[in-house]
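Here the chain labels run A, B and C in written order, and each chain numbers its own residues starting at 1.
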Amino acid sequence: MTILRVEGLTKRFGGLVAVNKVDFEVSEGSILGIIGPNGAGKSTIFNLVSGIIPPDEGRVVFQGKEVTGWKPYRMAREGIARTFQTTALFEELPVYVNLLIGYRMRTRSGLWDVVLQTPRARREKKEAAEKVMEVLAFTGLAEYAFRPAGSIPQEAQKRLAIGIALMGNPRLVLLDEPTGGVGMEETNGIIELIARIRERGITVCVIEHKMRMIMSLANRIVALNFGVKIADGVPQEVCEDRAVIEAYLGEQHA
Amino acid sequence: MSFFLNQVVIGIQLGSQYVMVALGLTLIFGILDISHFAHGHLYMLGAYLLYILTALAKVNYWLALPLCMIALALGGVIVERLVYRPLRDQPHINTFIAAIGLFLFLETLVRAVKPRAVSVSKPIDKTLSFAGFTIEVQRLIVIAGAVALVVLLHLFIKRTRMGTAIEAVAQDREGAALVGINVNRISMLTFAIATALAAAAAVLMAPLAFISPEMGSVLILKAFVIVVLGGLGSMQGAIVGGYLLGILEALAIAYVSSAYKDVFAFAVLILILAIRPTGLFKGRD
Amino acid sequence: MEKLEKYGKRAFFALLLALAIALPWIGLKLYQLRVLTLALAWAIAAVSLNLILGYTGQASLAHGAFLGIGAYTFGIFTERVGLNFWPSLLIAGLVTAFLGLLVGLPSLRTKGPYFAIVTLCFNVIVFKVFENWTWLSGGIQGQKVPCPSFLTQRWARYYFVLGALLLVLVVVRFIVKSLLGITFMSIRSNENLAEATGINSFRYKLLSFTVSCFIVGLAGALLAVENQHLDFTVTNYAYSFNLLVYVLIGGAATLSGPVLGAVGLYYFLDYVEKSLGEYRFVLFGFILIVAIIYFPRGMVGGLSRLWDWAKGRHASYRAREVTP
């Protein structure tokens, strides 16, 4: 069953076409890898799907509902969570507060609940705390819970970014280079985390440069070059695709 | 009709000072990413320096003009070194708060030393009238002076090595640093030029109005309005916006009400931002 | 250690509160009591600014205007309309909050220094309107403000304002310790990430700003009661700057910082009025520059850094003891 369908997605910046008529589908419970040389439009696709920027043309259909051009917070509520290439955290706030923020959109207590300390405010705070404990354990961040997010190791920051995304009970998470700038040993920990996310039935889209990692992890791979989709299939096929090999060789020769 | 045109000329003169102040502000913003909120207070210091030189030390007005510009250029460099450089790479809002601190410091200091407003006399105290026009010579001096300075600034930026470097930094700071442009030097130079421009505006305008400690605060707000609406970091935007605001304000004073002359620009800003949160022209984010 | 820190803090604030309650009985001059009452009212205003500036990260420079609007609304409803004290107080807060909502709608779409500039523009407009529209402001004579019978005594007004400050602090504490307060802080910390995390940042900025304006409107009304008189200068944008200084010097995004900053600085400036004259205001700007460069976390931040430092030394001393 398809959870996300992208049709004819196009985005121009000035004269440059960053994403050009890209179509792909993601089936529920799978991991989709998005690969391509630098500047191929990978992150732009994430920005379009998560609503950070609106597309110029094309449609984004999520769980059968058209969500094209929605604002990021509405996308997140609909169930599309994401992380950013340059790890974005609430740096001066403690790790557990970072996670709490991720759960906020699933709670409803407003000003009056808070000022009058209504049962709903207390119940939701308790639920949020339980969810934080669960995600701390799931991402292995318990030891850092009270440290400011900006002060924990790079690799733990990457896991925290994923943790924030998981707090809102998403159906689909978009991970933008989750292992970027992380050593080999720690990369394995993150790969294992991504695999466990899939085990929970959450669909994952991941942008990755480390080919070996993506080949072993993804069910399906989409390859891009200069904003155009050049290949789409199971890892083995894409790996042997001429256009993909040329795109990567081209990058190396440039 | 001639009344209307007369107001337009007065508006161009009002706009001239806005252009000179807003140009400095937009240069500093574009090149250093600093919202230099105390810029108007350096303008105010320029006016007081003119008062000290001409009214107290009896220096000739035309000699005082370059003296004030040089002194304030130095003042600008000192401000950059003491206040803004320690805050580089800090959140934007911290720099802005430091600027507010400088703003309060200068205004209260001048008020404590000299609580009452002062004035300086006009170098050429004449009024021209022809074909239904009447205009004070000093207003024409402001207009001509502003045009001369804007042209000089343009030539400096387009024709000299230093100027080109400034433009390069304004367009792409990291790139400029990579090709070996000394960003520290550029930032000092930018402050010197911007503050000298503000001093020139103060010296030219001073004979037409009272000199008071708070003269800088409303001016800087208007300059910000011009810079925000004209596109952050855009020099053309500052020039067009400055003249436009001057003319609109002169007409509003003549045809609407003079009691609210200072709030006109701010009301326009809030209205425009309500419709277009990013300003009228596209500048840098 | 955590527990010790918590109890130490509690003991410190309990002591401070006891001192505040005892003050009128330990030989304070009536004049000083008045200064303290005003200082506490300013502290309420500073706490309100802290909500939008410290916790939500939006530097409003319109709080001087909103303070004045609250004060005038209260004055007009009690003196001209003849309403009672309590409904007028509520109306003062509500009118200010409503205007805050209207101003927030366009201005909160802008970010960083531009929000500060737009709100400052609004403050200048309000100031000019109050200066020129004498029907509203009472012109040079100003606006008389009646004092309710239970507040005619100075000490009664002192305790009333102290109580109001405590109430406001309790409410603000509820807010910042809740999921709502965390939402505000997420916007201050990283607005783009907050949006991507499902938070409609504009809506929450507007809520924080409106609540902040409600509180500053109350503070204005309390100032009006203490002064029993108002003129247009109460809307001066200079007060917006003063409030900013109180919050930043005391310590933004802390509960006690704005209170300590406002009471401390207000009382200090009054204390040095004779010796320094007009020069005392020069200190304001100077302190602000030095503080933002060297102590960006304010007085309370400085204190807790000192505490961390002492704790760190203690901990490393212990560690040395244990390791052979």
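Points to keep in mind about this one:
Operating definition for what follows: a contact is a pair of C-beta atoms (placed from the backbone, for glycine too) under 8 Å apart; a residue touches a chain by one contact, two chains touch by 3 or more.
What you see is a predicted model, and the numbers here were worked out from it, not measured in a lab.
Central chain by Cα centroid: C, whose mean Cα position is closest to the mean of all protein Cα atoms. Inter-chain contacts peak for the pair B-C. The mean-CA centres of chain B and chain C are about 33 angstrom from one another, to the nearest whole unit. For this pair, chain A with chain B, the centres built from the Cα atoms lie 47 Å apart.
Centroids built from CA atoms put chain C at 40 Å from chain A.
The set of chain C residues touching two or more other chains is empty.
Within the complex formed with chain A, the chain C residues making contact are 171, 174-175, 178-183, 185-186, 189-190, 192-201, 207, 211. Within the complex formed with chain C, the chain B residues making contact are 35, 37, 83, 86-87, 90, 92-94, 96-98, 100-109, 111-112, 115, 218, 221, 224-225, 228, 259-260, 262-263, 265-267, 269-271, 273-274, 277. Of all residues in chain C, only 57, 59, 103, 105-107, 109-110, 112-114, 116-118, 120-122, 124-125, 128-129, 132, 241, 244-245, 248, 277-279, 281-282, 284-289, 291-293, 296 touch chain B in the complex they form.
Per the touch definition, chain A reaches chain C in the complex via residues 50, 52, 71-73, 76-77, 81-82, 84, 88-93, 97, 100-107, 109-111, 113-115, 117, 121, 124-125, 128, 164-165, 167-168.
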